[in-house]
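Paired with subunit B in one complex and with subunit C in the other, subunit A is shared by the two complexes that follow.
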Partner chain A sequence: MIDVVSILSANILYVVLITLGGMLISLSVHFVPVGGAPAAMAQATGIGTGTVQLAAGAGLTGLVTAGAVMAVSDSLPLILAAGAVGAMIMMSVTMLVGAWVYTYGVGVPPASAKIKYDPITKDRQDLYVSQGTEGHGLPTVSYVSGVIGGLLGGIGGALVYYSLMSTSTGLTMTNLIGLASIFAVGIFFVNAVIPSYNIGGTIEGFHDPKFKKWPKAVFSSFIATFLSALVGVLAIGGL
Partner chain B sequence: MSAGGEPAVAGGAVAPNKIIAFGILGGLIGIYAAHFLDSMISPVFSFMGALGAICAIVWGADAVRRVCSYGLGTGVPSIGMLALGMGVVASMFGLAVGGIAGPIIAFVSAAIIGLIIGVLANKVLGMNIPIMEQSMVEIAGAGALTIVGLSTTMAGTFMFEEVLTFVIAPGYIAVIFIAGGMGILHPFNACLGPDEHQDRTLTLGFEKGGIAMVIAGLVSAVAGSAAMLPTIMIGVFIWYTSFAKFYELTKRDSYKILGSGLLPSEEELQ
Partner chain C sequence: MEPLIGMGVLALMGAAATVAGASEDLESDVGSQSNPNSQVQLAPQMMYPHRIYNKAISGEPPSNALMCAIGGTTASVLMTAYSMSPLFAIAMGALFAAIVHGSYSISAFLGRPASQKRFKQPVYLDVLRSHTPVIMGYSYITTFCILVVSYLMIAVLGHPFPLPLLAFIWGITVGAIGSSTGDVHYGAEREFQNVEFGAGLNAANSGNIVRTAESGLRNGIDNSWFCAKFGGPVTGIAFGMTVFLSGWVTTVFNPAASLTMGWLSVVAGVILVLIMIIWNRKIEVAARAAFGPYKEDEVAA
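Our next item is the complex of A and B:
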């Protein structure tokens, strides 16, 4: 059997960093304007799909960009920045194309039903909300919030991947990349679903009243990720 | 087929405990049978792992069905991805440290992670779903057994060196992640509604399992200790049988089926 104590004492920093990464991912989901099924029918503000799909799309792009930079550099800030930029680009493109579809395809103006004035542009919102809907499209504040979500999620994903890759192990590089990636993906999905249950599936961004619930999800993610980090570091460190 | 027979009772009267036993025992027996028969007799038996995975997929689909009927506030796919997320962490750990006890350690650690997430969901996030803890344990366990089962079929064994070489390093684990997740989340996601019946939902679980099995068979062509053809043939057989059954059950449950024909041409509209 593996020597649990010595592996953990050698890699305790990485357990902490993975846990921190998981908490960042959990927080990032609260920033992403997830509209779910109602938004797909332009009856709620946000992008018309679920949290997991959005977080996975942005987070996995962040993992790919972080992994690509990791191949040429071992500077942690550079890897985190690469992950953040990758996830932000993916999130921005998704929201931009979504906004085109809502504006030119469905024919609705971007408007939020949760607030009267957009906190960033100060534009009036309630006049433009169609009757019987919870808003539609992506107002500026949701877009900015989504980009912040991409930033945090990308940093979190890159942190998890970097920590798993840095754990002391006897694995060859190819095997380590495979194993670290799939662990990072697993941890990412767990931390994307937990906040999704916290916000009840939909949120408009940081101006949404539901945003205030984030400490609950981050605390849950702290426990769940800490456990996953222990398991992941033990598995990789024991080989 | 080891599928134990699709639940044939209309209205879906198969008790949860029976399906739990079917999933755990079927899953573990399939995985261990694949490992031992493969190494002792012939690589032909590597398909047993995928049969075990199908048992676990059907169990997972039933657990999703039970917990999602409470209303999660978000889509059904999230719980399938959660299942595979917890499952992949637990199963990689189990296989890496467990050796011959790998699948069991994977299953137990998945159950522990699932229990903790279930407790957090109810107590901290305040979801207040009475069966949340039990369902999370079941879903995580089913996810872990699905991953270990399909990996065993792809590599011919669940020993971690081979799984690492043939499944994880080339990235086929991502295929397992999505194919297994589909098997667990899709049946209820496709069938939900007031007319949902257990037998129809679970038949769709078998059908998704058949597709996962065919994919695992294709991948197993690269591993020397796994046989491709039997896995693909049995997978296609399971897929065809369960799809025919699913079609039949869909016709049974629908009020009326009418052919709508193709879209009318411009001339016909005038």
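Our next item is the complex of A and C:
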């Protein structure tokens, strides 16, 4: 029988950090401009895939780089920054190549249907939306928003992984890495799914009206991640 | 490790990832997986029965992650428990993954058109026979290349994650990239070549996909022929760039050397991201200048 109280009291800091990481992931998903299935037909602004899929793809790339850096360094800020860089690179590359396809393959200019002027470049948007669509491609504001999403998601995922790896345990290093990385992936998915109820398929970025709903998702993530963190820390700490 | 060897391995990983990205996208075009499949699924309900392979086992990322995790687990078991050579183990892992993916494809194909009997959509068995081996072939290439990338990361670059997990993560990433980039070429262009070039799909045209090919009736293989000219290769570039650039920053500025080098790797990554933001802006400006607006400004007019 494992001693629940002493494991938790020894690792309470990591439970808090994991919960914080989960909330960051949840917030980050709101920044990622996804258009779902309609965007794959150039029918909505954003990237033509699902919320969870893209956020997970970026965040897990960040987890790979954070894991690589954590194997050689024990500086928490550096590990978090490495996670953020990995996720930002994946997100930037995907959005850039997406822009190639929209521009050169489909022949549509990037345009948003939710706003009249791009808040960053001040470009007119509504004139460039083709008939019968809700915008298409990635205007600069959506692109920058996606990069911010990658940044926060990468930091969140790396924070969760770092905390799980730092939990006091009797596991060997190989088993600890395996278990911690799988828990980190699981916690990432939990927090990537929760915001998708807010987003409902499509969001253009931080300028989208749906973005204002983020506190609800972050609060839900707080509860879900806290429970996941308890299970994760107890499972790793009890072995 | 010598920095030069690290760069060489990274180049090999980038090349393997490029092939994986391209084959992942073409696999989803032959089988019509992912988001554009919503139109293939909708077409019979709008009275447009077709001969396009219709499988959407799941979203692309989970389905590729499953393939790669199966391949990675098989390869890992063969290497550790049976001391097989890595190349043989990876080839066998990819073979198992392709077989599992093929069986999922068959059940998805038989299930989806069969559920549309009331819309007079036939279940074409010749399409099943001709397309399933192609799908399995592409899934074999994808899994093989991703396992090569994952194995090199662990064996040479010393990544701490176990092989199946790393393969799983790269599977999720390749699926996310494939459905974000290459599939747009299939969904927005190839499926709707009957409408004027240079516009998004008008909601009024939903389901009215092109059903005639360059010769005869169109099927999934015709679609992959078209997408192999642009959508597939750019997906490969995207995944190759992701794998290469995310590894490049830590290979050139190795965080194991010192903390300063670690922070320099972060700075290098941020500079790369800034370059891509500017690149995207350049494309945006050029596209708007080249294509022009769709409507006149009401105030000016």
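Note that the second predicted complex is superposed on the first by the 239 of 239 C-alpha atoms of A that agree within 3 Å, B and C clash if a C-alpha of one lies under 4 Å from a C-alpha of the other, contacts with A are read in each partner's own complex, and residues count from 1 in each chain.
The criterion applied here is as follows: a residue touches a chain if its C-beta (ideal position, glycine included) is under 8 Å from a C-beta of that chain, and two chains touch if they have at least 3 such contacts.
Here the structure is a predicted model, which means the values were calculated and not measured.
A.B. asks: Clash or fit: what happens to subunit B and subunit C when subunit A is overlaid?
C.D. replies: Aligned through their shared chain, the two binders clash on subunit A.
A.B. asks: Once chain A of both complexes is superposed, is A:Pro119 in touch with subunit B (first), subunit C (second), both, or neither?
C.D. replies: It touches nothing on subunit B or subunit C.
A.B. asks: Once chain A of both complexes is superposed, is A:Tyr102 in touch with subunit B (first), subunit C (second), both, or neither?
C.D. replies: After superposition on chain A, A:Tyr102 lies in contact with subunit C alone.
A.B. asks: Have a look at where A:Gln53 lands relative to subunit B and subunit C in the superposition and call it first, second, both or neither.
C.D. replies: In the superposition, A:Gln53 contacts both subunit B and subunit C.
A.B. asks: Which partner does A:Ile223 contact after superposing on A: first (subunit B), second (subunit C), both, neither?
C.D. replies: First partner only.
A.B. asks: With both complexes superposed on chain A, which partner does A:Gly201 reach: first (subunit B), second (subunit C), both or neither?
C.D. replies: In the superposed model, A:Gly201 contacts subunit B only, not subunit C.
A.B. asks: Output check: A:Leu78 vs subunit B and subunit C. Expected answer is one of first, second, both, neither. What do you get?
C.D. replies: Second partner only, subunit C.
A.B. asks: With the two structures laid over each other on chain A, which partner does A:Gln43 touch: subunit B (first), subunit C (second), both, or neither?
C.D. replies: A:Gln43 sits against subunit C, while subunit B stays out of touch.
A.B. asks: Just checking: does A:Leu179 make contact with subunit B only, subunit C only, both, or neither of them? Give me first, second, both or neither.
C.D. replies: Only subunit B is touched by A:Leu179; subunit C is not.
A.B. asks: Is A:Val64 touching anything from subunit B or subunit C once the two structures are fitted on A? First, second, both or neither.
C.D. replies: second
A.B. asks: Please determine whether it is subunit B or subunit C that touches the greater number of subunit A residues.
C.D. replies: C
A.B. asks: Counting contacts the way the document defines them, which residues of subunit A are shared by the two interfaces, the one with subunit B and the one with subunit C?
C.D. replies: Looking at subunit A, the two contact sets intersect at 36-37, 50, 53, 56, 174, 177-178, 181-182, 185.
A.B. asks: Over in the complex, which subunit B residues touch subunit A? Could you list them?
C.D. replies: 72-75, 77-79, 81-82, 84-90, 92-93, 96-97, 109, 112-113, 116-117, 120-121, 124-127, 160, 164-165, 168-171, 173-174, 177
A.B. asks: Give the list of subunit A residues in touch with subunit B in this complex.
C.D. replies: 1-2, 36-37, 50-53, 56, 171, 174-175, 177-179, 181-183, 185-190, 192-194, 196-198, 200-202, 216-217, 219-220, 223-224, 227-228, 231-232, 234-236, 238-239
A.B. asks: Spell out the part of subunit A that touches subunit C in their complex, as residue ranges.
C.D. replies: Interface residues on the subunit A side: 36-37, 39-43, 47-50, 53-54, 56-58, 60-61, 63-65, 67-73, 75, 78, 81-82, 84-86, 88-90, 92-110, 121, 123-124, 126-133, 135-140, 143-144, 147, 173-174, 177-178, 181-182, 185.
A.B. asks: Where on subunit C is subunit A touching in the complex?
C.D. replies: The touching residues are 34-36, 38-39, 59-62, 153, 157-162, 165-166, 168-170, 172-173, 175-177, 179-189, 191-192, 197-205, 230-231, 234-235, 237-238, 241-242, 245-246, 249-250, 254-256, 259, 262-263, 265-266, 269-270, 272-273, 276-277, 279-281, 283-284, 286-288, 291, 293-297.
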